[in-house]
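There are two complexes below, and they share subunit A, which is joined by subunit B in the first and by subunit C in the second.
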Partner chain A sequence: MGHEPVLSLQKVCAYYGNLCAVRDVSLEINPGETVCIIGPNGAGKTTLLKSVSRVIPKVEGAIRYRGASTAGVAPQALVAHGLIHVPEGRQIFPSMTVEENIEIGAFAVPGGVRKDKTDAAMDMFPKLRERRRQLAGTLSGGEQQMLAMARALMGQPHLLMLDEPSMGLAPKVVSEIYRQVDLLRGRGVTILLVEQNARIALRNSDRTVVMASGEIRHQGKSADLLAGGLIASLVFGK
Partner chain B sequence: MTLTSDRKLTIALLVALPVAAALTDNAFYKAVLVFGMINAVAAVGLCLMLGFAGQISLGQAAFYGLGAYGTTLMASRFGVEPVLAIAAGALLSMAVGWSISRPLSRLHDHYLAMATLAFGIIMFIVFANARSLTGGLDPGTSIAKFSIMGRDLSSMNQLFWVVWVGLVLAAFVAGNIASNQIGRSLLAVKMSAAAAASVGIDVVRAKAFVFAIGALLTGLSGGLYAYFARSFNATSFGIGYSIELLMMVVLGSLSRVSGAIVGAFIITVLPVVFENFEDYKTLTFGVTMVIIMKYMPSGLVDGILGLPGRLSRRAKA
Partner chain C sequence: MLYQIILSGLTVGAIYALIAIGFTIVFSTVRIVNFAHGEFVMAGGMIYAYLSAVHGMPVFPAVAIAIGACVVLALLVYELGLASMDKDNHIAQVMITLGVGITLKGLAQIFIGKDTQFPPAFSAGGPLAVGGATIPYQMLWIVGALAVLMLGLYMLLHHTRVGKGMMAVSINHYAATLMGISPRRSAVIAFMLAGLIGGAAGTLLAPVASAHYDNGIFLGIKGFAAAILGGLGSPLGAVVGGLILGLTESVTAGYISSVYKDAVSLVLLLAILLIRPQGLIGKRLPQKF
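After this line comes the complex of A and B, so read on.
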């Protein structure tokens, strides 16, 4: 595949009714890269992810995933092609066991659940292995987030979109989650990450995109941004 | 979820029914048994929708009516063989269920309850007023005796077996759905539609599927009812019946096919038991519902099956 970007957005706009939540966003993500979107509440970060996974209907502009346009493609077809979105708020299946939650992650994968993949997902999150027979609803917040990520891995992602994995978690748990994100990066998974916690996001990504009011305000290498102290002025508009 | 472990209990119930029928010579009790099975078929349909997929419907009476009128029209106007007429009625109901599921697929919980309630009311008005097709409220409509290839099978004994086969069919369909990949995806939709979408489940299609199957089984139940009652009018298909079906499922079990069958029999038999206490009937119903919801929130069947464990834990404490 070489240099073809995994995901490319050109002048993407997304609407809720007549309200424009994302405006003229252009962005490319290359294989193996981790790109992070930061910005204040209501900046359109989550909406942008939803536009990519096609769960909101009113999206304009061109979105290409692995070279092909996703216009008119059903969300579940994208999942089957490895575009996996872990929605915000730890969306797990509370009355299924941990193991069942992980297995259902392979729902869209041709050939179904494979034992080795389930094992690999649990190897990545040893805590989940300990609790494999437990109902997912009884897990702690951090464990639920890990479960959502383990489930996503079962879908064999080419592009993994994580929406605020740190939301509502204790600092210690957040760093644990990001250790796993780091592991995924090490394995060459392409990641599009949305975070409110700018510091964590910058430390754990190659490139950062700053959004506010639905538009991209800045993009650049995460390391540069971290060094330059630009973030506060960009995010808070000082 | 214990969906598959339910198979044994369901089979035991299905076997117990003919035994119960053989034990009584009383035609009235036998009729109650047959009516209970007819209700059970419809309850199994709603159990799939509400219990497995979390799609509440307060408009099931409409599907029941579509099945009954569809069957009657096919048999009376076109002289179709009764078994095929029942199948046609059930398919008509299924087609309507599938088509209303599309506009309903964006609604959930209370909103879905309201919308299906409205659908039920509209269909009742149609049944009551499209008199050239349904006979309306008065004089209603009637259907010839049930027969297969010209052989009369309309005695209560024979009808028992016909309805029994219908119930076995319904339990078989529901049991299979519950224990396979589709059942998994329905459960996933029930627990979290967002998470279901994120693992690649087509949520709209899953909902359409369960609405169609629920309507199919409830329509089948309506067709059987037509041959059971032989003469009926639109009052059988009002909101009251939708609520009764909901009570059957909530009372029996939200996650078991066997629960729907048990619930159907309780709701069918209770009014018969309390026949002489008309004034206390509603009171007893209400109190029973409250007690079950308080102490057995997942239904009578799960509550009773879980009782030994609960008691032994209490004894240890």
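After this line comes the complex of A and C, so read on.
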């Protein structure tokens, strides 16, 4: 493992037609680091993750993943190299069973689905094991988020991007999810997290980036920001 | 009489079902209604007729080449016409598939001819007599082909990596992409399957109902109606829809008059769509990207 960043963005802009949703974002994430992006609705957080996974067409600037430029690279190739994106709103496959959802997470992994990996994914969230034969669309919101994470882990992430994993969930479920995020951090997985809940974000990351209107407004060590109480003023208005 | 009506209804229905499967696979994977699909069926029958009449080719090589040609044709239609197209521009996609359909029809007319042809049935020999009904061997081929192709499709979709990827794409295109599945590859396979099954339907049908360059639109409409009846997006729905449509037509033609068979099936289609807009077997449409 070298010292080069897992992900580096230089002056990245992303557009939907003529609308510029991300403007001049430069950011580096080092191996094993957890970086969290926070910011209000419409700040461009999701768009930034989509730019990194190359699922939106109009992205400018340089994005390097594990040292190589991702310009013109298909999203499938990035997934196969461990860049795994858990999208906003879970996006599980509702008409497949829980087990099938988990297995499809290993689609891009050479060697395919391995029993020990499925077991490990279900060990993280025992609720999923109980419901393995159930259609994923019938799971509760919290269970769906767990499924989305379990499915992502099947892809053997090197860089895991989580888009608002706490969205719409009860505090108890949120802490269950973040307990697993903690375990992953302990295992050295590099994580790029998007959160709207600033408190959760600061407590669960090494560094925090504040975005608004498509731009980075502020960044710093999460611990410092937590102590300084800077966030509230930045995110929720002057 | 009743037996005969039911038997021919099932046979025609099996053909409709085969055509409907092509609409359904392409629609669920690529979100395109391929209006050129009926021309694949026409091409299957025409190429088979051409090879056996003009070149005197034996049945099975001729059928295999005809089906293979339809697979290639479908692949080309996707790669050259649709692949690089904005996937949200539905009007343009409709125009392209319509244009491709008209082109294919024209090519068949120019290169194969305007005559109505009846290529040989797949196996020689007179019809079987069962009870009061007679069953031509070709009928067995048609129903057998439907069973075999459905089984193959089921195995592909549920038990292979490629098939599971296609299912994922059809349920949620965006999430599938994030799993490392290529929607484009799924689309290619969907079109090739549509070409294969549609081409097969064309070769199966031609010995009993003729091959003619102008048949494509008619066959496409029947197959599309069957697909909608069963629920666009569901292969099983395509089969159920096809069989019901075939039976309705043959019962109407047998007991009322063949003049009314299209009207009656249309009324049936509308009635079912009023009660179940998602079709008989169809689920609600998978969420859009």
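Observations
FYI, the second predicted complex is superposed on the first by the 237 of 238 C-alpha atoms of A that agree within 3 Å, B and C clash if a C-alpha of one lies under 4 Å from a C-alpha of the other, contacts with A are read in each partner's own complex, and residues count from 1 in each chain.
We take it that contacts are C-beta pairs under 8 Å (C-beta built on N, C-alpha and C of every residue); 3 or more make two chains touch, one makes a residue touch a chain.
Fair warning: this is a prediction, and the values are worked out from it, not measured in the lab.
Once the complexes are laid over each other on subunit A, subunit B and subunit C cannot both fit and instead clash. Of the two partner chains, neither subunit B nor subunit C is touched by A:S26. After overlaying the two complexes on the shared chain, residue contacts for A:F107 are found with subunit B and with subunit C alike. By the document's definition of touching, both partners, subunit B and subunit C, reach A:H85. In the superposition on chain A, A:M96 makes contact with both subunit B and subunit C.
Looking at the shared chain after the overlay, A:A74 reaches both subunit B and subunit C. Touched by subunit B in one complex and by subunit C in the other are residues 53, 55, 74-76, 79-80, 84-87, 91-96, 104-105, 107-108, 151, 155 of subunit A. Partner subunit B is touched in their complex by these residues of subunit A: 53, 55, 74-76, 79-80, 84-87, 89, 91-96, 104-105, 107-108, 148, 151-152, 154-155. Looking at the complex, you find that subunit C touches subunit A at residues 161, 164-165, 167-168, 171-172, 174-175, 177-182, 283, 286-287. On subunit A, the positions that touch subunit C within their shared complex are 53, 55, 74-76, 79-80, 84-87, 91-96, 100, 103-105, 107-108, 112, 151, 155. By the touch criterion given at the top, residues 1, 181, 184-185, 187-188, 191-192, 194-195, 197-202 of subunit B touch subunit A in their complex.
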